[in-house]
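Look at the two complexes coming up: chain A is in both, with chain B in one and chain C in the other.
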Partner chain A sequence: MKLAQFGSGDFLKAIRPFVGLFVVLLLFMMDAELRSVFFKGGNFKTILTQTVIVATGAMGMTMVIVSGGIDLSAGSVVALCSVVTARLIEQGHGLAAVLTLTVLIGGLVGLANGGIITAFRMMPFIVTLGMMGIARGISKWLANNQTVNPDEPLESVNRLMDNSQSPLTFFPLPDGVWLVLGLAVVMTVVLRATVFGRYVFAIGSNEDTARLCGIRVSSNKIAIYVLAGVFFGLAGVMQFSRLTQGDPSVAIGLELQIIAAVVIGGASLSGGAGSIPGSVIGAFMMACLANGSGIKDWPNYMQEIIIGVVIILAVGMDKVEPILQRFFRRRT
Partner chain B sequence: MKSWILVAACGALIWVCGCGSQSGDSAGGGLSIVVIPKGTTHEFWKSIHAGAVKAQQELEAAGQRVEIIWKGPLKEDDRDEQIKVVENFIARGVDGMVLAPLDDKALVRPVETAGNADIPVVIIDSGLESDQYASFVATDNYIGGRMGGEHLGRLLGGKGNVLMLRYAVGSASTTKRENGFLDELKENFPGIKVLSSDQYAGATRDLAYTASQNLLSRYGNEVNGVFCPNESVTVSMTKALRDIGKAGGKVKVIGFDTSVQSLRDLKSGDVQGLVVQNPVKMAYLGVMTLVDHLGGKPVAKRIDTGVALVTRDNMAQPDMQALLDPPLEKYLGSGN
Partner chain C sequence: MSAADSSALMPRLRVERVAKRFGQTVALDGVSLEVAAGEVHALIGENGAGKSTLMKVLSGAHCPDAGSLMLNGQPFEPSDPLHARNCGVAMIYQELNLAPDLSVEENILLGREPVAFGWIRRGERRCSAMRALEEIGQPQMPLDAPVRSLTIAQQQLVEIARALVGEPRVLIMDEPTSSLTQVDTENLFRVIERMSQRGVSVIYISHFLEECQRVASRYTVLRDGRSVGSGAMAGATLDRIIQLMVGRTVDEIYPRTSRSIGEPMLELRGVAGLAKPICVNLTLHAGEIVGLFGLVGAGRTETLRAVFGLDCLAKGSVTVFGGEDTHSSPAKRLAKGIGLLSEDRKEEGLLLGRSIADNLTLTRLSLLTRLGIVNGLVQAAAAGKWMAKLDVKASNAAQPVGELSGGNQQKIALGRLLHHEAEILLLDEPTRGIDVGSKVQIYRLMNELAGQGKALVFVSSYLPELLGVCDRIGVMCRGKLSELRPVDNWSEQEIIRAAVGQAETGEAA
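Our next item is the complex of A and B:
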């Protein structure tokens, strides 16, 4: 009986990212050089800080992908919002205003995405591909084609991703890390236990059925893209804090990292599957791999190859699982 | 939720290793120094690598064991990626860092982080808006820009139209060259008109090629001279000039830095002059300065590594040859 439970698809999917992380950490532990450096408090703080931006974006992207969509504009929106943050700080706004307004701009881009996708029944891939260019262009325009460096830095924003004061100890963690952990808990509950969350899964599993069940697919879809935009906006604030400047050319290709994190985290690009903890772990795992490759002195091309292989492996698990399930079922 | 068991297991694993590894301090007497370039594909950075290895070899011959780690950002010219590299090496606990910062502001905090972890940093190539570093070892780029401006001004006889295609936003070294060039023209060659000096090429040769084509389609018929502030722009602009039949001296090109291609262009007469830095010396002095600093010796806060102007006529001279064709194989092996 127990074995049958272990073999169930849902369970294997849910634990996949954790197994992946477990395997990576186990492999790292077997290596003497990595063991002495990788598993240090200061290093883990570094990795967590490096995970924040991808993880924030991944939370928004998870909802979009679970609902059967995709958002390729994520990286550009992060850049746009990092510039917006810089401009707002230049105008002398405080932390609350900067956060709210930036996140609002992100949501606005999401509103445009969702609105166009539902109103004209267009492919999310195409619409957000277009938005990727539009948002990147606007950010360069807004930044006058250069980096934006506020004359009077706003400490509370800069501190979000600052680990410069105690680089060798695990605590204190930067505010941004706590913020992401908190949001991850909230979003897990939203996606698993609220009506909206269940709608997201229903739409992603079968849009027509969801419509027939009385779910207002269009308005929910718009809400999903707006919420995703809000997260990309927040990631933009984090990106600003990391560089302490608004950079219109930052985060090129970040959307692919975010999508990779979500996919490693167990989401299916055909919709209906995915989880917030999985995506966050996926982002963390990629940062661990990058950090570990650095410690091992692997050249950059090795690192790129390894992360590529991990993505394919993670998704390849989809194909291995049915075989495993059959195996377990035969046993019981 | 069985997944929590695995979360707990992962946590436990980290905990056990974390505790077990506190004593594992490596490094058997030698120094480990990481050299972080802006990227790894430009030939300029290979010379930097060679210079660092040269320093290592000389130090080892003198009985000082040094390990040189060479690590560029994963994505070429990505500030965030370079910050990650710096952070990862701080966490790893190297003895010192030689860094060519991609941005004069964005890298300030990571360098301060290194300072707080007692890891001294020597800045090479490009400046940093901070004083938290041990020393700044670099070309005086402003003088290099003026040198290029003077040569172009004389080639054009003090009159004509020139273009300047800037390199990339936020790059301090190339901005100084660009300013030096413009100042030289303004002060000493008032008869020369600058048609455009506000366009940026971008980080890669491909982007620079597109930007050059765009610029030439607009000004191609009236331009007499071009200044290119780095290697990728020089090569791409020359290529774009060849495409429209303006190469070979019809439009005078003054470039910056060298590569196999730009030297070929210099020899064939498509490029009239190259302002060259001494990257081997820069990295060599960077590592040497850092080792001196680690050894407790006082070091100068600013060290200039000089520039030279190479033309078709003087490129065969031995002193220029040493600059143009640094013996990379000797230091990096044939694989590089």
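Our next item is the complex of A and C:
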């Protein structure tokens, strides 16, 4: 009955990403070399810091995917916003202004995405594919096709992703990690418990039903893409902080990593399923795999293969379950 | 063929004490059935009685745990649907299984294309398709039209034609008329008759008992996975069959308590949509049930959708509670207390993947919300209340709606209007494809709602229920609504004549 609170009775599906993470950690535990290096507080601090950008993007992407859409412009928006952050710091703005304005730019891109998708009833895949090019182009334009290095660094922004303080212990964690954790809690509540969140699931499950039930589908969709853009903008600030420079050619293919995290987290690309904790765990699991491969000194291609296999496994579970369910549903 | 002589003595298909269980659930618990060659055999039972499982056993989708199947006196153990089909047992499923973008011809021969050296022999395919269509008396069907462009009734006929290509000896039809109108149904019955004359045995599954009586010569009733009775249709009364089905007597299918008709709540004046309807005038009063009859495509659904703001309203005016309010949206209509039950609960009416609680409360989450947060416990309690009220069979309020049977799904869709406390209920085919028990519960509920002073519009293609439930009935034909008359002033023939557009002369008098 407790699960009824969350509007889904599928307990197994809800904990699947956690089980997946547990399995990965268990496998790492069995390897002597990994055991001695991987499971150290300082290393976990590194992994968490490496998770921040993908996790931030994944929170926005989860909203979009649950509503039955997709946003391919995420990586480009992150690059654009990292350049915007650099330019704003160059002009001497403070932390609050930098965050607000950058996030606003991300939201504007989302507004364009959502507006075009709903106004012309276009496929989100196509619109955001176009926006991926547009945002990438604008960021290169804004950066004069080179990296932007502010002369006077803004310490509060740089600290977001700085894990160099006492590198051997878990605490203190960089500000960005705390920000992501806080946002994850807020967004979990938003997606699970608010009326808006229920509408997101309703739209993703069946748009016609949502319309029948008096949900204003278009305005809700626009809100979803704007919110996603806001998160990509924030991820852009994190991206800047990581490199301490605005780089217009950074984060190429990041949207696919973000989508992978969301899908590993239990979301269905056909909409109506997904969760914020799952997506964040998905991002964390990918960072763990990358980190573990690094410790083992496996070449880059090995990492790519492993992460690819994990994605297919995660989605495979997503496909096998409905088939089983349908099989049992048909028995009467 | 000497085998033909002996097959006259033995049944075409014999099912003996077949049992099947899934985990803890017993789906079939000893079902026996005998179908002779050329016989139309009605298989009757409520949802969950085991009809679908039995059909899946026959068509090879499931393997029985116990019991035996005999086809033409030979043991019949289909390993999969293709094997069953090759043995001469073909199945037409309740949900259409056509490829919507392929043509009629391609669909009919799908998977059985005549092939030479890897190339499809188009001429031969066309001949086979035409032969199959002729066999069911539909030679005029456009062979090159994509199936998507056909009506549901035509699609059904394509499906039947497809089943005939393999020259089946047993044809299983699962609820073939659930989305057909009376005229299309008559058409289908002629097709069934034809097949039966050609010696094809037909197992006919339907909730419409009148249909079963009309089309079948024998019947078997399933209840709780057991065959509880069978015999010749001619010697059975409807009451007897219903009693077998539900295990109790249904003395009153259509309850009717006296109710007082109140003020007008909804008035439509010359309402027209973009294509349909063309002209609808209707006044709906408090405490009244108005029935709309018509053929599929007459514009009944479109009328409701236009009034509810789902589709564009091109002409005319809508007056709600005495104030004109013509152009609207579903959100505004719901805010005014108008609710629509969709005719298609799977595609539009329900969020199949979401919980019962979410589906019941979606239009009025505000009742369960504090500071923007939906209170899950309050929501579950509200859902529990409606589930009890509507007698929904489910494990709990968190169960996804898609796992429920059709009747229970429909109760959830209706329950949403109750939770919303809609004053005007637009019900589009509320009893389509659900079991008799659930139907009776829905009729009772409609009667109760009207008694509370709510106003109902009841769209149906099933005349007896309209006559049984409604106060007034109007007939739609080609987008136009006839005058509304009290039920007692219509005869069945008059209504059907009006529906096919032959009533103008009689009506003028």
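In the analysis below, the second predicted complex is superposed on the first by the 310 of 332 C-alpha atoms of A that agree within 3 Å, B and C clash if a C-alpha of one lies under 4 Å from a C-alpha of the other, contacts with A are read in each partner's own complex, and residues count from 1 in each chain.
Definition applied: a residue touches a chain if its C-beta (ideal position, glycine included) is under 8 Å from a C-beta of that chain, and two chains touch if they have at least 3 such contacts.
All of these numbers come straight from a predicted model, not from anything done at the bench.
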Check your understanding: Is A:G272 touching the first partner chain B, the second partner chain C, both, or neither of them?
Key -> second
Exercise for review: Based on the superposed arrangement, let me know which partner A:N206 touches: chain B (first), chain C (second), both, or neither?
Suggested key: second
Check your understanding: A:I15 contacts which: chain B (first), chain C (second), both, neither?
Key -> first
Practice item. Could you say whether A:A96 touches chain B, chain C, both of them, or neither, answering first, second, both or neither? Key: neither
Practice item. Compare chain B and chain C by how many residues of chain A each one touches, and report the one with more. Key: B
Exercise for review: For A:I215, decide between first (touching chain B), second (touching chain C), both and neither.
Suggested key: second
Review point. Which part of chain A faces chain C closely enough to touch in the complex?
Key: 1, 3-10, 189, 193-196, 198, 201-202, 205-206, 208-216, 272-273, 325, 328-332
**Study point:** Complex interface listing, chain A residues touching chain B
**Key:** 11, 14-15, 18-19, 21-22, 25-26, 29, 33, 35-46, 49-50, 53, 145-147, 149, 162-168, 239, 242-245, 247, 249-253, 277, 290-291, 294-295, 297, 300, 303-304
**Study point:** Interface residues, chain C side, partner chain A - complex
**Key:** 20, 22, 25, 27, 47-48, 50, 52-53, 56, 61-62, 310, 329-331, 333-335, 340, 342, 347-355, 357-358, 362-363, 365-366, 369, 372-374, 376-377, 379-380, 395-400, 402-403, 405, 416
Point to revise | Residues of chain B defined as touching chain A within the complex | key: 1-3, 6-7, 9-10, 13-14, 17-18, 20-21, 24-26, 40, 69, 71-75, 78-80, 83-85, 87-93, 103, 105-106, 108-110, 112-114, 116-117, 169-170, 200
